[in-house]
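One structure, as structure tokens, below. Some questions next.
Chain naming follows the written order as A, B, C, D and E, and within any one chain the residues start at number 1.
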């Protein structure tokens, strides 16, 4: 798999003294959507935070387009083209939608590139254009999530990691968000996401990983995992 | 006739800004039973715990404990009435020793409290570390300490927020056995847990929350096959 | 015969005993705690320099009782509590031969308790509050001596000048501290005595620099005279804000601070017409005053203030009393200080039985074309006051 | 009389607002109450004093210079000391900045002596009907208004300014956006010091200055940001004007001695009813 | 149990030595030691509220000032004996703590700290304003210094009491409950601990000592004025003493008081113009280099009990 854009090898680590990851390996190739699923406590979000440098792994390495990036700060990774959308629809609530998007392009110096990115984001999420002068804190949950994703697109990153994009959204917005992720793939973005809504996430995924208790458990094409009853059993036991 | 409920929650609602975290949930807990509370991330389980224990003020609805209204009371008043809880993120008192963590929560005579605390520490095999600062214990040990700290007050209702997370298998089995013993001694237990093996093996009744609403209630086997529950977890 | 011989012998021994250790003891050490830092730092440092110059002068003239004089000074940070401890240290640890007073009335009020306890004479050159000296019969103090005129007299010149020119109403403001309150209450008494009406009196906290509201109230009452019992910072701020709020009394005077050269440096022409009270001026016809002024300027690179002069004079007065007593013994020095009448660069010195100053004259000056011109009392006046003070917009 | 004190209150309120905005920025972005804010203001005042008296420059022209100098001082302080107590318990940051504050005041006493200094320029008042408008205060009002306006323009319209606001709303998301949070802290501290310096420079022309002048400004600034809502920057404007008015009106109806008491009682009352200040803000 | 014997014998020996000290000491020696006692009372009392519960009182000198004025008024206006007046000074401080503790202890973090700072400023302003009672800016003069040695003993006794009280609290469950407020107030409440009441009790206890010390100091200095009994610097000094020695320990405040007072006294004498600069540097150094304090560090490193 030499065309991999990002590869994480055998990550071990977690918060402080507590290990959550006991050897997690993930990879994503250019143009793919890769989904990471697993029950709560499997270490999905922790793996993402470790990859983007919020957490430092105890062992293991992360390679992004041929360069080792283990433990590099998130703001520096963004400059290399690795964007991250944290869990929980995190936006700057007191800033307008437009300002939020501009902040997404903080690392981009050329105004022309910012304008182009803005146009792309507005095209993908027309609702953000409508609400561009509104304070982000007044948006609905789904709109905030779109804003968070749109903000990550502002640097035209080569890879976007999305942590639970559908978390806490109403079914209508869940559908919308997954539609948008599909559109993004068609537009040429490479995506890797952690999702709780496994069915939806697997349905759009090229490849998928299922984690359990900090270890890789299953791996394969999204549809294969979706059909596998063992995967379902991870969630509800029995 | 069913015995009077230990805890009765009616149409509890809690909003944060524009988000309704708990949306009209009603629960009824009978004495001497083990209940599970499950649901995907963000479904409102911890918020419900916080509303029961007075950490959060509820917006609507009521909570009665042993027939007595407890909503609107301060957390310590609710705790003194006999509801004990653990936290999702461990909240032991890091610069108190393990023993002190237990002693501090009761007003019993010191000798009796000490004896009880030592017994509980022995029970979770922490007696050798009784003088260690709680903050220096391992994650699993802190978890156990937090568990026995709840028992110090001998509450009638025990709320456990993810008791199994981060605890190794052998200890976990002891812990589950302890929970069963508590039930046998007449305690009621409500636990939030993600480890489904634990939930299914331990709980007699399971409540399922999704988007702040109660979507199912029943025996574990029934819940496991409930379409709405599978959907909530696995998506559609 | 034998008794006489014995008496002579004892006297001789006394002389020997008194003389011998003196040479063995080395210099006479005089201790003081001064406000070298903190709120009174500026004034305390001037006083310190006064002491230093005095000691220098004494030593050039052969010292005191044939011994060199040495100064031991600590910083009390302008706080009474620290000064108390430092005087105790000076007396019991350093075992100084004599002490001089600290700066300011509050610090003196606290420190004097120590010097009384150890029966040490303290000439307190910069304590102007009457209550330090005039005490109820059961709480008399015996060893403290006043040098400057009491605070109550500070505004006398202003009130007197105004009354003579037929002004009728007075507003009095003061900082809420020991000295300023005394000055203000003195002004109230004097004004009433002269048949003037006190239309306004208010205190403001120490450190206050915003007088807008206070002056707005004053302005509404349009008093003829504004008498302000101030220290330095507030005197400056008050004057500036009077101009800004267009407050136009026919006479306006301050107490301490108005006499410092910095007052004019800071306010420039806005200081014109302002009356100030001072215990001393270099131009006053006191003996050696000009020489002192020049020597001080040469020594320290700036002009002396009255605090410098009072410090200098206080030290000389103490030295004179010691000289006359022929000993450092407190009770004998005290006797001398009680009966001493002296004219120094600072003016007259004479105290009553309480050590309270009765001879020194406070003078009132007015800033005229950048210079302090003494305008009161008449016998020391160098010019007439420029009266009335014109409104700000006509200057 | 009421009219006059209302005018005085608004005039000084604008100055309070500007100085307090600096404190609010540091509190919002770094969660630190910078007790050395007042002493930094004092340094700004001295910079203006020396430039205008020694070099004989128009004092108002020195305002930007004072701001630049203090920006640099702020940056150095942040980089050497203050960054170490970001995220530390409040006791550490309070004490550390207090230590810095004592040291700065004492240093100023050693270097500049404790003499009172002032810049005499544009004294007097414009008399409008029954009201006297102090010239220096009006100019200070205009300056403070303009600088505060510029600060808000900076925060609202420039990339760096927006990044500062972003960081104060969520440090985590700011990092995700590629914002170098350390650098934002540095700029914020510098900017806050510059705002304090501007205050000091203007005060130097209004009242006289001395090394210990800063302390009360720290306390006043804190009152302002609590009144307005900590972490809420427009709140500082409201809080500043409000404090100016409260002080003046209280001095008018009571005495100057009690104006501080009134402000404090109001502060505690507001905190009890609205723990996040009048306009609301972030809770700690 | 020789360790315990030493632990008891050493303080007892020190106490005996201090009790005998006035017989041989100079006036300054007595006064300086009296000051050390005062600082132990102040630092130890601040430790009770802030060291144990974590609520940082940034205006603790307010209780000192309140006690000083309450005591001084009784002594000068009502002719009370100083000992009785000092006790009432302590009571007055507690009453003040009760009145302001109820609203202020509901504030969190920096808000509480600044509210306390403001309280101190307000008390000073009020004392200045009500001059009929307090003498306002004139201050109050008290009888001359005829009682330094008895006051030495009473202040010493107060210091011993504060230390003993700290020991008793730290070794009791009441003390542990106070610490849970510092460690995790939410968890403490969820465990049934009435944190509001506990905070208030700690606050009241922490006010007594400064109140008594204030009245004793007023009497011993013979003169007080608003500016001199409400200085912010005193609050800061007591905080730095506790931090230096080790907050939340029994002997930390004592160690801090002794070391810092002696240092200040020595520095004062030698370098009058720069001592505030040095004090500032000491504060910064303590905060950055040893936030746990000397005893705190030893406690962690050598696993010493909390009662050191």
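Following the convention adopted for this analysis, a residue touches a chain if its C-beta (ideal position, glycine included) is under 8 Å from a C-beta of that chain, and two chains touch if they have at least 3 such contacts.
In this text, all values refer to a predicted model and were calculated from it rather than measured experimentally.
A.B. asks: According to the touch definition, list the chains common to the neighbour sets of chain B and chain C.
C.D. replies: A chain counts here if it touches both chain B and chain C, which gives E.
A.B. asks: From chain A, count the fewest steps through touching chains until chain E is reached.
C.D. replies: Minimum step count, chain A to chain E: 2.
A.B. asks: Keeping to the contact definition above, tell me which chains border both chain C and chain E.
C.D. replies: Where chain C and chain E share a partner, that partner set is D.
A.B. asks: Find the chain most remote from chain E, comparing centres computed as mean CA coordinates.
C.D. replies: Looking at centroid distances, A is the chain farthest away.
A.B. asks: Can you check how far apart chain C and chain D are, centre to centre, with Cα atoms defining each centre and the answer in Å?
C.D. replies: Roughly 38 Å, centre to centre.
A.B. asks: CA centre of chain D versus CA centre of chain E: separation in Å?
C.D. replies: 32
A.B. asks: As a quick test, compute the distance in whole Å between the mean CA positions of chain A and chain C.
C.D. replies: 78
A.B. asks: Which positions in chain C touch two or more other chains at once?
C.D. replies: Within chain C, residues 37, 176, 203, 205 contact more than one other chain.
A.B. asks: Per the touch rule above, enumerate the chain pairs that touch, sorted by label.
C.D. replies: A-B, A-D, B-E, C-D, C-E, D-E
A.B. asks: For chain C, which residues are in contact with chain D within the complex?
C.D. replies: 37, 39, 41-42, 176, 202-205, 207-214, 216-217, 219-220, 232-233, 236-237, 240-241, 243-246, 262, 266-268, 270, 392-393
A.B. asks: Applying the document's contact rule, which stretches of chain D touch chain C when the two form their complex?
C.D. replies: 1, 4-5, 8, 12, 106, 109, 113-118, 120, 123-125, 127, 132, 134-137, 206-208, 210, 212-213, 216, 247-252, 255-257, 259-260
A.B. asks: List the residues on chain B that touch chain A in their complex, please.
C.D. replies: These residues of chain B touch chain A: 17-19, 40-42, 138-139, 162, 165-166, 194-197, 199-200, 211, 220-221, 223-224, 229-231, 233-236.
A.B. asks: Can you name the residues of chain E that touch chain C in the complex?
C.D. replies: Checking each residue of chain E against chain C gives 26-29, 31-32, 35, 124-125, 128, 136-139, 141, 143-146, 217, 221-228, 231, 268-269, 272-273, 275-276.
A.B. asks: For chain A, which residues are in contact with chain D within the complex?
C.D. replies: By the definition above, chain A touches chain D via 52, 54, 73-75, 78-79, 83-86, 90-95, 99, 102-104, 106-107, 151-152, 155.
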